[in-house]
Amino acid sequence: MRLKALALAAAAAALTATPALAQYTDGGIKIGVMNDQSGLYADLSGQGSVWAARRAIADYCKTTKCHDKIEVVFADHQNKPDVGSTTVRQWFDVDNVDVVVDVPTSSVALAVHNIVREKNKVMLNSGAASSDLTGKACSPNTVHWTYDTWALANGTGNAIVKTGGDTWFFLTADYAFGHALERDTAAVVEKSGGKVVGKVRHPFPGQDFSSFLLQAQQSKAKIIGLANAGGDTTNSIKQAAEFGIVQGGQKLAGLLVFITDVHALSLQTAQGLILTEAWYWDQTDANRAFSADFEKANKGNKPTMVQAGVYSAVYHYLKAVHELKADGDGAAVVAKMKSMPTEDALFGKGQIRADGRKIHDMYLFEVKAPKESKGAWDYYKLRATIPAAEAFRPMDQGDCPLVKK
Amino acid sequence: MDKSAAIVTESLVKDFKGFRAVDNVDLTVRRGTIHALIGPNGARKTTCFNLITKFLQPTSGRIYLNGEDITRLAPASVARLGLVRSFQISATFPHLTLLENVRIALQRQLGTSFHFWRSETSLDALNARAIEILHDVGLGGSENLVAAELPYGRKRVLEIATTLALEPEVMLLDEPMAGMGREDIGRISQLIRKAAKSRTVLMVEHNLSVVADLSDTITVLARGRVIAEGPYAAVSQNPQVIEAYMGTTDTESGAALRGAHG
Amino acid sequence: MKNYDMPIFAALIAILLVAPLAIYPVFLMKVLCFALFALAFNLLIGYVGLLSFGHAMFFGFAAYVSAYTVKAWGWPTEIGILAGTGVAAVLGLIAGLIAIRRQGIYFAMVTLALAQMVFFFCLQAKFTGGEDGIQAVPRRPVLGFIDITSDIHFYYLVLAIFAAGFLIIYRTIHSPFGQVLKAIRENEPRAISLGYHVDRYKLLAFVLSATLAGLAGATKAIVFQLASLTDVTWQMSGEVVLMTLVGGMGTVFGPIAGAAVIITMQNYLAGFGEWVLVIQGVIFVITVLLFRRGIVGEIAALATRLTRGRGEAGHIAGNPATTS
Amino acid sequence: MFELIGVPPQALFGQLLLGLINGAFYALLSLGLAVIFGMLNVINFAHGAQYMMGAFGAWMMLTYLGIPYWGALLLVPIVIGALGILLERLFLARLYHLDHLYGLLLTFGLALIFEGLFRRQYGSSGLPYTNPIPGGTNLGFMFLPWYRGWVIIVSIVVCLATWFMIEKTKLGSYLRAATENPTLVRAFGINVPRMMTLTYGFGVGLAALAGVLAAPIYSVNPIMGSNLIIVVFAVVVIGGMGSIMGSILTGFGLGIIEGLTKVFYPEASNTVIFVIMAIVLMIRPAGLFGTPR
């Protein structure tokens, strides 16, 4: 009897003692930044995200005594799910990576997301858009940080209708992602009292959009919603300018447009475009300071919301891991992250919901006309702030199995 | 139409992009004979060959093999009916051994040519016959050499051996003596004569002494038309033929014609 | 001439049996799948002299079929792989009937365009999951008792599939049918004149090649639990050409060496981003200009030179494309 | 007002015109491919990359040298064409004695190198290029930007001039003869290798010209060529490889067909060209204007 009690006590001690000792796998924390280093999304994630992750470590370790071995590795997933999944398996099985960060392109993100869960590691997603990551595919190992399709659709759809843009025509990329963006936005538009007067599904990837733009023009809709991404979006905006769509009184609403796209288009072409972002470099002093350093290290570019999100996510991750003093159990780390409020220089205060969704304000911007711009990268004027509570899909509508109804 | 003939062509015509290459050629090759097709350069002899063997599709006209209409058949089907040709330049399978070259021809009879799951050792049953054929043409003992290593004359011999392996009823030889030395010419002449004992031969040949020596009947083509036909002695006297040959710069043939004549 | 192919193959399998001790098995599985893909491709370019620039359609489409049947319909793994392989065979027959009538560059262009049609079909069809592909394909026990959730178990199964694929190809090359293929490659008009309907032989070779490419793709889909658009893009077709070219077209082991080299390179250069593309391009150019026989072809040529001490060794590799 | 299958006729005119403009790009690019293929028997897989370099060339001239669009229109094709000449001399010329497939493989490798280098240097989001002729005119049935009108004029003029040069002039007859029988033409005292070099340079120059034309209306990015080249390959296959007039007519024709598809069944507008290709190949394996071989 006494023996048994002793054994129990020992076991209990061992259990409680384990987290007390620093239990870092492989003697340190290894952060893997995986994104597009060479393709369409290289500018909005790419090396900039790697820089942001390193910067987060430096900033965190400035204020707190942190573990002395924190390493950043990175890989190019080339926007191919199979490349991403191979790399991430090897990271976990061979290279002892503890957390995967960024992962733009929804198809790759979903593939990585599944493996992260299988191997009980952590994914901090900043770059991918799919709201499924915290919806029906949600996982106890994933945090979705910066934005998602629902937030973009809601921000752009809702706020535009409220400011008078109540008739819509959609230019939709004909694949799952485009359909989802169109469906979500159309729902928001109709809920806010607007009307969808037409839509056209263009092949993906497209080159010439003039024909579709002409159809949009003839629809007389006030707003032309661009439910596409990347090169398709920039090409449609460029050709819309050529065909005098904006001068003709119609407005373009980009449902997935980043500041790097606006930069690529120039203000002359992109002026008047309305879009939703989670973060803009010229909003606060902290943002501007961060961006100034970023610019020096990254070919003169300003950071995108994706790169800022990587900074913020890594910062919070380090906080949670140091609190736990362990990084081996991915689900436990994520649970810890959810239990702590988030706070950092770029995204301010916020929180992570049970479904893995990080919550913060979103912003509706309009692209300035060239004469309004005061200098390089001065591209946006704020049209509306969407408060955190309304910016993201309510948890009970996401069908996430982690959320008890 | 002559039913006893091996090959008959009726008003054979071939047009290329608006110009008439072969113009109403009527040809009858009697069974069991050696028939030569001659003519100066540009007479379209090879074009006729290609038409008869169906490597080219005639624009109009008919072709019969043993009285059977083969105008619409694929070239491989024509070969399967026993009409096998050779080519102007030597046509061996250069990186296969002599044995394999001949065996390719024999292999078809086995009916296993589509059997990708069967080992190639199943073809060894044909080796004895292949070696025998090689021996008959004077290539015995070198069956394991690669065809590319043979001198030119021997390649032509190998080609004839491969053709003979099919036991064709009709052989079409396209310039079998082209580029041959004197010694090889003699050997191949003998070979053709031997082969022709049990079959029909139609050949295109520039070397008129060979033609004179071997052939039973000669058809002379010029610019895609038949200008004369008959035994050598008659044809070589034909003024039209002499003019056709003399009228060209083809001095070699011209000289050959005179030489054979005199 | 003495043939060392089988002893080399046995040694290769022996090495592969112990390889997981030193090398990450998932990486090895990837190499094996692509090696099989390249071997299938090589059957066509190396032994029939036909350059297909659209082989990704068989590889990628088979991957979709096996992933879908296993995931959505709950088919057993082995049946899913067979289904993918079978569909690739049918696709091969259709594509072959259209493409086989052309030769050389024309054939390459036609296969490229056909593959592009398959790509657009996969992009639009509902069952392929569009951009996301078919994800999280379950790894169910094979034949009901071989557990493949463990990478190492699955590795040996993939090795078995690879070995079977290799042996099928090897036997095809060394069969009565293979003899006719060689004859067609060496001298097509002559093969016709000997009574062979060469188009039918080419078609069968095309279908066989497509089927085995499909087997590789179907297996890959289960290995990575994923089938995606990447596998049906024309860039994938280009990649298999690169592997075969680098390894040695028309050599028995060349495609395996080429696949190993290219996959390893992609793996280690992954951190270099856009340089991967440049380096692949440079390899293409250098191989085409200087080492047309490829790795294995050059080694074979060297060996021949050493043993024979004379002569042009280029024929040994049997590279058909060097003779125009 | 009557409608045609639910589409007002004015809209249809507009779409036809837009299709024709897109066809102008197809025609220019496939013409370059056809010229190169006809003379060198090489499928120039780098054509898309060279088109991309044309667009980048225009951007570089403007950004680094201050040369405006009109200068670039003339200079870029010359510069890129000269680069083509260099490539031909350094690499392609070494492969003529081999199977033509090696030319395809080599140019494929070159395409990868160019695309990779430009991605390395300029990223992939694309670069801005201002429309040199902004504005347009209302045709009643549609708004036609001046620039699109300019594109179609340039394309038609260049296509016809090329066709005229190859089919109707002495130089062209040498070119065609050299394709048929290089030895014979060499015997006439004509430098065949130089002719091949210049032909390649010319074809590449055409691709670069199309690139400059595209810069103001399409996104200037390193992958713009690889997206387009496969479609252009299909155009060339349908037209019949090596046929000059075939590639021009098919280019414009397919542009129009694609334009119509965008109205009636937009989802299929990328696929329609490949469907047409499959049908054409089944009926005429050599393409619409090709000679069987």
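As written, the chains take the letters A, B, C and D, and residue 1 is the first residue of each chain.
Everything below uses one rule, namely that contacts are C-beta pairs under 8 Å (C-beta built on N, C-alpha and C of every residue); 3 or more make two chains touch, one makes a residue touch a chain.
Just so you know, these numbers come straight off a predicted model, no measurement behind them.
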- Item | Remaining touching clusters (ignoring chain C, no chains moved) | A, D | B
- Have a look at A-C versus C-D and report the one with more C-beta pairs in contact. C-D
- What's the chain with its C-alpha centre farthest out from chain A? B
- Chain centre separation in whole Å, for chain D relative to chain C (CA means): 32
- Query: Any idea how many Å lie between the Cα centroids of chain A and chain C?
  - Reply: 38
- Item | Averaged-CA centre spacing for the pair chain B and chain A, given as whole angstrom | 75
- Per the centroid of Cα atoms for each chain, what is the distance between chain B and chain D, given in Å? 47
- Give the residues of chain C that touch two or more other chains, as numbers and ranges in rising order. 120, 124, 273-274, 276-277
- Could you tell me which residues belong to chain B and also touch two or more other chains? none
- Item | For chain D, residues contacting two or more additional chains | 116, 119-120, 267, 270-271
- Message: What's the complete list of touching chain pairs for this entry?
- Response: A-C, A-D, B-C, C-D
- Message: List the residues on chain A that touch chain C in their complex, please.
- Response: 37-38, 42, 46-47, 73-76, 78, 80-83, 85-87, 89-90, 93-94, 106-107, 110-111, 114, 130, 174-177, 203-204
- Query: For the complex, which residues does chain A have touching chain D?
  - Reply: 38-44, 46, 174, 200-208, 210-212, 214-215, 217-218, 231, 234-235, 238-239, 241-244, 248, 260-261, 263-266, 268-269, 299
- Message: Going by the contact rule set out above, which residues of chain D touch chain C in the complex?
- Response: 37, 41, 43, 91, 94-95, 97-102, 104-106, 108-117, 119-120, 230, 233-234, 236-237, 241, 267, 270-271, 274-275, 277-278, 281-282, 285, 293
- Note on the structure: Residue positions on chain C within touch of chain A in the complex are 24, 26-27, 30, 120, 123-124, 129-133, 135-136, 151, 220, 224-226, 228-231, 267, 270-274, 276-277
- Message: Taking the touch rule as given, give the residues of chain B at its contact with chain C in the complex, in rising order.
- Response: 53, 55, 74-77, 79-80, 84-87, 91-96, 100, 103-105, 107-108, 110, 112-120, 122-123, 146, 148, 162, 166
